Amino acid sequence: MTEFGIILLSAVLVNNYVLTKFLGICPFLGVSGKLETAIGMSFAVMFVMTLASTASWIIQQLILIPFDIMYLQTVFFILIIAALVQFVEMVMHKTSPVLYQGLGIFLPLITTNCAVLGVAILNVQQDYSFFASVLYGFGAAVGFGLVLVLFSGLRERLEAAPIPEVFKGSPITLITAGMMALAFMGFAGLVKV
Amino acid sequence: MELLYPVLIFSLLALVIGAGLAFTSRYFHVEGDPLADKVDALLPQTQCGQCGYPGCRPYADAVAADEVAVNHCVPGGERTMLAIADIMGVEPKAIEEEETAPVVAYIREDECIGCTLCIKACPVDCIIGAPKQYHTIITDHCTGCTLCLEPCPVDCIDMVETPELLEHWSWPVPGTKRAVKAEKRKAQHDGREEGLDV
Amino acid sequence: MSFDKAQQKIALTLFVVGLVSATLLAFVDKWTAGPIAEAQRQALHQSLLQVLPEHANDPLQDMFLFPMSKQENLKVFPAKDKKGVVVAYAWQQVAPDGYSGTIKVLMGVRVSGEVAAIRVVFHKETPGLGDGIVKNTAWLNSFIDKTLSNAKWLVKKDGGDFDQFTGATISPRAVVKAVHQGLIFYKTNQADMLKRAHAPAMNMDKEGDKP
Amino acid sequence: MPSNNDSLNKQEIFQDGFWFNNAIFAQLLGMCPLLGVTTTAENGFWMGLATLAVLLCSNLIVSLVREFIPDEVRIPSYIVIIASLVTVVELAMNAWMHDMYLILGLFIPLIVVNCAILGRAEAFASKNNVVDSVVDALGMGLGFTFALLLLGGVRELLGQGELFGFDVFGASYPDVLLFILPPGAFIALGFILAGVNLVNMKLQAKKDALIIAEKQASSESV
Amino acid sequence: MIFLSSPHQHGGNSIQLTMFSVIIALIPAAMVSVYLYGWLAVFLLTTCIGVSLLTEYLSLKWMGKKTDRVWDGSAGLTGLLLALVLPAAVPWWMVIFASVFAIVLGKQLYGGLGHNPFNPALAARVVLLISFPLQMTTWLVPMHMDASLDMYSFMTSLKFFFLGVDAVQQTWDAVTMASPLGYLKTELGQGVTVSEALQQYHYSTLHAFIGREAGSLGEGSALALLMGGIWLMARHTISWHIPLSYLATVAVMASLFNVINPDVYAPPMFHLLAGGLMLCAFFMATDPVSSPSSGIGKVVFGVGCGVLTWVIRTFGAYPEGAMFAVVLMNMATPLIDYYVRPRVYGRKRGRQS
Amino acid sequence: MFEFWHKIQQSLSIGSVQSFTGGIVHRNQHKVTASHPIVACALPELFIHPIKQHIGDPCEPIVQVGERVLKGQTIAKPQGYLSVPVHASTSGTVTSIEEHTIPHPSGLGLISIYIKPDGLDEVDESLHPLPNYRSVDAVELRERVRQAGIAGLGGAVFPTFIKLVRDQKNPIETVILNGIECEPWLTCDHQLMIEKAHEIISGLDIILHAVDASKGIIAIEDNKLDAVKVIEKTLADMGLNESVEVRVLPTRYPQGGEKQLIQAVTGKEVPAGGLPLHIGILSTNVGTSKAVYDAVCLGEPLTERIITVSGDAVPKPANMSVRLGTSMHFLLKQCGVESFDGIKVLHGGPMMGELLSTDDVPVVKGSNGILAMTQRNIMRAHHEEEPCIRCGDCGDVCPAGLMPNLLAAHCKENQFERAEDYNLFDCIECGACSFVCPSHIPLVHYFRYGKGQVAQINREKEFAEASRVRSEKRDARLAKELAEKEEKRRIAKEKKEARAKALAEKEAAEQASSEVAAKPEEDT
């Protein structure tokens, strides 16, 4: 049990995907402008990343290792992830318009982001058990969602601030992300590796 | 052989996925565009055609289909543009034409010949009158689209500015004119006398 | 489920793309497999070179497994002179008690029981404080030629012979302790190790390269 | 944004990719490798080159096959193509540049999902002819490499007082660890982007001045 | 015609008044720091405040804003607080780096007073800690510890300040020591129990309270900070919400775990008095700009700070958890303001639209 | 447990059992006119009666230019339900009916009736006094209050008759008389309570009777203890001290706000979007109560009210009984203001009143004070706006429990949806927040701006919706017309064809018949 707790804590806070691992920065910067969007995106990411780590674990254990074709890892993972996301998006669009409104529009955005492929690859690198790897994927996504939502709150506040012209827009956004990363340094060492 | 396995496995997987996508794309196809409805709800429904489309709904459809920029509705002004840009998720664009004061059409009745041409032109049915009689515009319903001006054979329709109503008066945003006077005010606060008209 | 032309095309396109890609990759993989193995070997050899004295053999080739306990085997890389006589060993020692987690030390030990050299190959210590254990060459060099008997295996603060550096005592302490334990381990298993090192049959397949 | 207009000026395409529509400076895409590997200028340089290679090939291939691929599987197909190219690069680096391969690590396979590459395949190569696509890829790729090099240089310089491994500030320079650690990457990039903003503002001002001058000239001539 | 809305009367409070009250409230703590570190403290305080003011002036000028804003007191306060959270041993260039960072990145880039999402002084302190961890975890021995120490005379202080600790270290052998939190952390890592470690350190609650322990300039004396804080609360410059909920949360968590295992978890009194907790609770977490603005939001903020402080102190790599906790909670401020609102008259609690 | 908690609360909050949340204490109340006896204002040269002096729909003038009117005669009749008539304040001639600036922050005007007094002050006696109001039916009382033109004199000028309902679902139990007068400078209610205690209490009794309530409360702040004494004594004299209670509340702004007063007196809160009625409470100003007495017992419509004329630019401040329609310029002159240079006129108190753009405006039903302030004094309050330091003081004093700093920021950024989400419309515009703001942010101004914009956006939305409906109707109509035309054409065509066919048939038949006719011939 503690093992799972540590995996979760580590993935959410200590080794946060965005702020310390630099994965998924594009959506982190791209969809954090508004709180509502950020929340929608967070849930979508949680869904996809959990899915991706589950799928990658299965592929790794059932195909790549038995057939000894590790060099196809990247192609396999990305194809499966992209296809899964597209399936889910289409099915969701048809069957649950409400859910689609909330999450669906973010799904295509997520396919092509580092965090998702990153979680798949890092996951199998760590030799987790099936359950642990699902949890790891979920935890990483929660960490992503957490900073995304916090960041969107900050950015909404920045919107109204009289920021010097040169720093308006992306520069101040990145500096703020840097400040967040600074603060997250405080979690260093919470989980001993 | 050693090379064949992986190639086969992967391309079969690709085939399966392709088939799956083909299947879902067919059976889970969705019609309709709720986005256009949303955009339409934001437009002022002046139906003036200044956007280059025959009315607001067609423009909304075009915007939702990403065929046209969000800044073409002149009567809607900046607020509408910002709202549309927001739901379309695109960068706001400046509106080229100036927003003018709200106007309504007014028929100089003594000159009206009762040709009914303006009635046919008005998209919101706010001109009343029968053939060969004076026509009148229901000012409360007029959107100020100016479409009735052109068809009038005797040019008896004017656009007049709507007067500011006491009930519709609202506080202007603080700080605009305030800022200009701020210096003076600060001086006064500090006790330095200086003439000032408020 | 009925597939019309368009849908067949969808499926087939992806199939073809997959086929071509996989074929390409299969060939590239075949082509690069050799160089990659060589590069990995080189990389490992490089780090071994740093902790082992001059040798004539390929320590990777001669790597053998030394049983630590029932399940665990220690990978030991022997260095041999021209005549094939073992002059030193290198293996990885784990220090579990660093400031923020485990530290892994690659240590080279001469047959006579002196430290040939050590390198820290993995750590999570605080940047700027604990990472002196990697960067501080003078400190790393202070381990050279130390044996169980000719040094007091503690940091200076605890009354030993090894410096700590300003701001960090824990990381050096952990490393010193680990190396000390490595030497003790060597001392108790010296004979066994020698035996294994000279047993040509024990040569391993090339699996599990990384220390 | 260049459209599927076939007669685009090659120089414009390149400029657009390199600067005005630069993946990093203008689109904020491909940020992960940018931030993740740029602890030194050299790392940034190689990462940039790897990306450039993939981008070049993917744009080339996509613009070649664009007509044969149905919409429904466009993205999966492109991704598979790109992923294969990336794997080739990965294998090659592993074989012949092993040190760099170890340093860049996870970020090499992640070139697949570098938003800039798929974005380019989608937005440009799938709509333009081969030559234009290659020029575009060159512009984009070099622009990306430039950004990586710049950030890597800044971080290395401020963080370690070195540039490409050469000591610049002398031994007494206190290493500002901030710039080597994650927060510093964000902050340094923020400042670089501010610099880019400044340059763009200057360029814009020049352009505006030019336009005004032209207008005046034309009005005077009339 | 200018439209001026009611009210046409004002209570007379101003930004300046607010800021200067906080500065006044910090005077006891500043005086204690001078008592503990002599001239060195004076150098640090003046440099921090001076550089902050200068940077503020230059930034305002560069951005074309009115430069008399410099005197609204906020930049001076930021400088003062920054000095109070620095260890005495930091050399001059770090002080300047930190002050410039606090004002430029912490505040002016965000649009100046009132717009910075993070506490400028703390942000600067965090940057220093991760950039120069060595200097930032080196604590000088306070003056009173050894009466024979002439370490903080004018000349020696100058040396400390400009040449660094190393230059002076040759003359005295024990100029540095561990802070209670750092020491405890290190010792616990070696398997020593809390009480043993504190005993070895010669820790005394009384000393920690009246101000005789090593640490950053301003955190020496809990008493001085408490005095200033309570005065501010009495003046309504700060409200009770953040300090009280913050300290109470730390105390509760510490007590709880101390009861569970007193060997590993330090007692609540130790936590309350150690490190910059008092300083953070009364002066940093209460920074109005970067904390929530409603009473209930402030309580949530304080509790969050408390939990994070205890967790980071106890499990994290940086024993000085309070400042990270505050900066972390600064991030959550906009969300707290959004989701945690006071009850509106005639409505049920919570957000409803 | 609750008792205990209550006790603590009681001992903590000084003086009063309950109070409203938030609020501020004015250090200096400027009640310079306190205990100045009410003096009658002289007759001006001209009266100006705007046709709308209450919340609701404007009236319609029912007099002609040149017509002679008497004091108390109805000169404009209500239109719609939410409306009360306007009466002449003295006898005289209607000289004109045209727009005139009214006391409104916009400086805009409204149709007004100009009356030149003839100095006779003849009274129109169409309303009979009803001293024995207990025997009068509630409905009639209500109608009488309406006809007397009474709208709340506390400032909001809400037509009082509407409040006097006997609602089965929401029976009114308590009537609260608002004698708080929490604004600085103003003392008219204070003086009224001292001088007209009897009338006020009788008015309360009338209201109690009209709504069939059992309990009356007169709420007074503890800075007016002399008024408390007078009221208590009068209550005892009138034998009403059983049913009517005097409640002394600590002096705290905005205690006089209806919702706050109700919270302070009863501990209940008026639900958002609801009315005091919904919690069985009716509250009204003491002046209104007196006006009700006048209307019912004396048969006098509302033609004059008490006004505090004060301010630091007024040499002889006073509490005056002023006829409605008197120009404020005239009024200030009466109080010794000679020159209007560097003087700003406030209509109402400094916390909620409006800054007038001109002093040539008439006194209306809602005028409870006219303050002439030196410009410097006013401008000191409108100091340059500095950035919000998010100190939260504004939220601490907000009696509505809002977060004014965020509200203002959203209004400033034109994010009105967010502002509404932060309950913009629950703000009562009391000004406490602006008062305490260290950054001198004109918070209330931002809220007013926001509210105005939201109203305008809603108007535009409604208009757009209506236009869409009309446009769609038109399209449908055109389509239908087109279809009908087609149909007609088709029918016509069909008919034509049918006719042609019929014709052809007929011809054929004729032919046939002729043939047939021919046949028999043949046959025959």
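As written, the chains take the letters A, B, C, D, E and F, and residue 1 is the first residue of each chain.
Just so it is clear, a residue touches a chain if its C-beta (ideal position, glycine included) is under 8 Å from a C-beta of that chain, and two chains touch if they have at least 3 such contacts.
The structure presented is a predicted model; accordingly, all values stated were derived computationally and were not measured.
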{"item": "Chain hops separating chain F from chain C, counting only touching neighbours", "value": "2"}
{"item": "Most remote chain, CA-based centroid, reference being chain F", "value": "C"}
{"item": "Comparison of A-C and E-F (more C-beta pairs in contact)", "value": "E-F"}
{"item": "Between chain E and chain D, distance of the C-alpha-averaged centres to the nearest whole Å", "value": "41"}
{"item": "Distance between the centres, which are taken as Cα means, of chain D and chain C, whole angstrom", "value": "36"}
{"item": "Length of the line joining the C-alpha centres of chain A and chain E, rounded to whole Å", "value": "34"}
{"item": "Residue numbers of chain B (touch at least two other chains)", "value": "6, 9-10, 13-14, 17-18, 21-22, 25, 171-172, 174, 178, 198"}
{"item": "Contacts with 2+ other chains: residues of chain A", "value": "71-72, 75, 79, 83, 86, 160, 167, 172, 175, 179, 182, 185, 188-189"}
{"item": "Multi-chain contact residues (two or more partners), chain F", "value": "105-106, 355, 378, 380, 382-383, 412, 442, 445, 448"}
{"item": "Touch-based graph of the chains, sorted into line, ring, star, complete or other", "value": "other"}
{"item": "Full enumeration of touching chain pairs", "value": "A-B, A-C, A-D, A-E, A-F, B-C, B-D, B-E, B-F, C-D, C-E, D-E, E-F"}
{"item": "In the complex with chain A, residue positions of chain D that touch it", "value": "28-32, 34-36, 75-76, 79-80, 83-84, 86-87, 90-91, 106, 109-110, 112-115, 118-119, 181-187, 189-191, 193-194, 197-198, 201"}
{"item": "Touch list for chain D against partner chain E, complex", "value": "174, 176-178, 181, 183, 187"}
{"item": "Complex contacts: residues of chain A adjacent to chain B", "value": "63, 67, 69, 72, 75-76, 79-80, 83, 86-87, 90-91, 93-95"}
{"item": "Chain D-touching residues of chain A, taken from the complex the two chains share", "value": "19-26, 29-30, 71-75, 78-79, 82-83, 86, 108, 111-114, 116-118, 121-122, 165-175, 177-179, 181-182, 185"}
{"item": "For the chain F and chain E complex, residues of the former touching the latter", "value": "21, 24, 105-107, 184, 259, 263, 269-274, 346, 348, 350-355, 357, 373, 378, 380-383, 386-393, 395-396, 399-403, 405-406, 420-423, 426, 429, 431, 434-440, 442, 444-445, 448"}
